[in-house]
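Presented below is the structure to which this report refers.
When the chains are written out, they are named A, B, C and D in that same order, and each has its own residue count from 1.
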Amino acid sequence: METILAIIIGFMIIGALFALHAKDLLSALIACGIVGYGLVICFLLLKAPDLAIVQIVVETITLIIMVAVVLDSSRRELKEKASIRVKGISYVNTRYVVNIIAVILFTALLLFFFSESIDVLAPFGQHATRMSTAYIEHAADQTGSANLVTGVVFDFRGYDTMGEATILFTAVIGILTILRIKGKEK
Amino acid sequence: MESLIVLYIILPLGAAFLIPLIGRFVRFFAGMISALVFLGLTALSIVYISAYHSETIRYAVGGWQVTNGIPIAIYLVLDGFSGIILVMINLVAFFAVVYSFSYLQKYTAKNNFYALLCLMVAGMNGVVLTGDLFNLYVFMEIAAIASYALVAFGVEKEELEASFKYQVLGGMASLFILLGIALVYWTTSTLNMADASRILQTFAGYRIVIFIQLLFIAGFGMKSALVPFHAWLPDAHSSAPSPISSMLSGVLIKAIGIYVLIRLFFTVFSITYEIALTITVLGVLSMLIGGVLAIGQWDYKRLLAYSSISQVGYIFIGLGIGCW
Amino acid sequence: MTLYILCFALFLTGLYGVLTKRNIIKIVIGLSVMEFSIFLFLALIGYTNNGDAPILVNGKEQLLFVDPLPQAMVLTAIVIGLATNAMLLAIAIRIYRKYGTFDVRKINQLKG
Amino acid sequence: MHGMTSIVKTVARIVVGVIFLYGVYIITHGHLTPGGGFAVGAVIAGAFILLVLAFGSDVLKLKVREAGSSTFESISILAFLLLAVGALFIGTHVFFQNYLPKGKVGELISAGVIPLYNIAVGVEVAAALVTIFLALVIYKEEVK
């Protein structure tokens, strides 16, 4: 179980790196899809069917919208070159190299700090419930919902869900505002 | 009287949902209803401050009782501090609406403006009132997304660019905060702030707590335009419509940045010397750099934005010293 | 613990994209990768060994469930992520029509 | 916006009905099986997007649809808020209380207000996604 998950997450990291380095924006989007759909498989393995269903449809719709945005652009990205050419002699682009070294050092440092700091917490698969003990034990008789996630989302924490529906409403009003043709009346 | 606390959420949200429906047919509906809502909420906050200034009101949404000593509901909490912030938010919003009546003459889509303003105020009220970590994230996002759209309200080049910068930095900040909340949940298995602080006491001094605190400082520092993360505020401030500029540096950076940081660091976490020092140093930097950069500005709005950054620095110094 | 560290590495990959890439679409991709890693992180936290998916089935005796609260949080966060992405893309398409490019180095009307 | 070939149109015409049926199934069983308001909203929005992509449409028609879907969205989210506020007046007068009878666990009509919330959120999400998509398409069509 852990090995399979680790392999999938490894693929997701590779997909993300490819998405960030692809020259063509359309292939970058497809590679981003690897990460999204890999996440769906992880959700299925982690016993979260609700999340898998939502993620797979939302990912598809996001991809459609992103492709619609990218499709009629030039799709090319201006790249930073590893070497620059002055008067026929090629030099190594120092800014590029410094960037790479800084990124690697910083990543290693953060990963080390993170792995050092999480060693006091519960390991994978041995999560102890506290707040959700009541959610699991009383969901059936107090909310009447057989799907515990629905019980939590709409009853114990229905207030969060209202906020979330409001966020979608806000985004729609915001998009209608941003995409109107004329901003000011003449 | 205690149960009227939910009006802070219901009234602005209801107004925002009604405006696209009714505002199309009734001409001054949007402006009038938002002004009325904000005025009413200001009055309510003043009543709360004068009547309940020494006690804390707790309201369990959904009516879920404490089981086995663990609070399971989302709590709304109102004490003296949040009362003052609520007065500020709703009063400034009321004045912003009154000013927009004439300011918005030259813009189209006025209804959307008022709806977004109502949503932003609802989000800020929700952040100030909540006693639950994930709920805080949700309402913070409402306020943030509404403000992204409001900054781009003029849809000219500068507005779009400022809004894009603001969205990228704000989105990163939100994700840091969400990661911090996930780590708190992993550590404590609860989302209630009071309950989490009880459990975090047994983790005092561990590296995980420091990591979470750094994530929260980075996230809420970006939201409140603290100095290494201040790049968005001058642009957003100078491009936004004037009523929104006043909302941005007047209440938004305080309500979803500084207020939350104060709430978390004084009630949920126990602060070590190093973290307090970090906050103080960032505050001093913010104060100095904001002030120095303000000298070279010729645009009044940018000048005021840098002044806000400097003032944020003063508040952070107070927070850092108070934590020692 | 390896899984959590890998998951954090995914988060850092997204962060690297947001901080170093100069293309609007790449920045959006970086932000969504960061989002995905946090969803995965929450789902990993809630997993219990040998636990069942949190759904009661009539006539089946179930004792151990996966924690439903992180799942509810992820469900909320997915939709929030969708909303932020859609807003960013709307701005991106509008910027593209105004400037003719997705490159942020060419989009600098504002100084500072 | 142009439509696609008649093969795509024929397939879309058949598939859309199935997708709708699937959506209705999940939304009514949201409290019993995996899925619920959000999944359904996205599924139904997907069906609408498929229709628009396959058959194509002119800008005027799209604008009418956009106005319709955004009205739908406002109404459904208002219904959600009213359902929640209704709890202030019924039963123990607490915001977001589940005030309808719970019924027997595992039956279709059970769980009090949860199915109603599910339907409201489903319609809201579907209308929101359709509005976002239509707004992008209209913008792309009008500003060349």
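One rule holds for everything that comes next: a contact is a pair of C-beta atoms (placed from the backbone, for glycine too) under 8 Å apart; a residue touches a chain by one contact, two chains touch by 3 or more.
The structure presented is a predicted model; accordingly, all values stated were derived computationally and were not measured.
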{"item": "Joint neighbours of chain D and chain A, given as chain labels", "value": "B, C"}
{"item": "Approximate Å spacing (C-alpha centroids) for the pair chain A, chain C", "value": "2"}
{"item": "Centre distance in Å when chain B and chain D are each reduced to the mean of their C-alpha atoms", "value": "30"}
{"item": "Cα-centroid distance, chain B relative to chain C, in whole angstrom", "value": "22"}
{"item": "Junction residues of chain A, two or more chains touched", "value": "49-50, 54, 58, 61, 65, 69, 114, 118, 127, 129, 131-132, 135, 140, 146-147, 149, 151, 153, 155, 157-164, 166-171, 174-176, 178-179"}
{"item": "Of all residues in chain B, the ones touching two or more other chains", "value": "13, 17, 20, 61-62, 134, 138, 141, 145, 148-149, 152, 155, 160, 163, 186, 191"}
{"item": "Contacts with 2+ other chains: residues of chain D", "value": "32-34, 38, 70, 74, 77, 81, 95-96, 98, 105-106, 125, 132, 135-136, 139-140, 143"}
{"item": "Graph class of chain-chain contacts, one of line, ring, star, complete, other", "value": "complete"}
{"item": "Chain D to chain C touching residues, read off their complex", "value": "32-34, 38, 105-106, 125, 132, 135-136, 139-140, 143"}
{"item": "Complex contacts: residues of chain B adjacent to chain D", "value": "3, 6, 10, 13-14, 17-18, 20-21, 59-63"}
{"item": "Chain C to chain B touching residues, read off their complex", "value": "11, 15, 18, 24, 27, 31, 34-35, 38, 41-42, 45, 69-70, 73, 76-77, 80, 83-84, 87-88, 91-92, 94-95, 98-99, 107-110, 112"}
{"item": "Touching residues (chain side chain A, partner chain C) in the complex", "value": "2, 5-6, 9-10, 12-13, 16-17, 19-20, 25, 28-29, 32, 35-36, 39, 42-43, 46-51, 54-55, 58, 61-62, 65-66, 69-70, 73-74, 77-78, 80, 99, 103, 107, 110-111, 114-115, 118-119, 123-127, 129, 131-132, 135-136, 139-140, 146-149, 151-153, 157, 160-161, 163-164, 167-168, 170-171, 174-175, 178-179"}
{"item": "Contact set on chain C toward chain A in their complex", "value": "1-10, 12-14, 16-17, 20-23, 25-26, 28-30, 32-33, 36, 39-40, 43-49, 51-58, 65-69, 71-72, 74-76, 78-80, 82-87, 89-94, 96, 101-103, 105"}
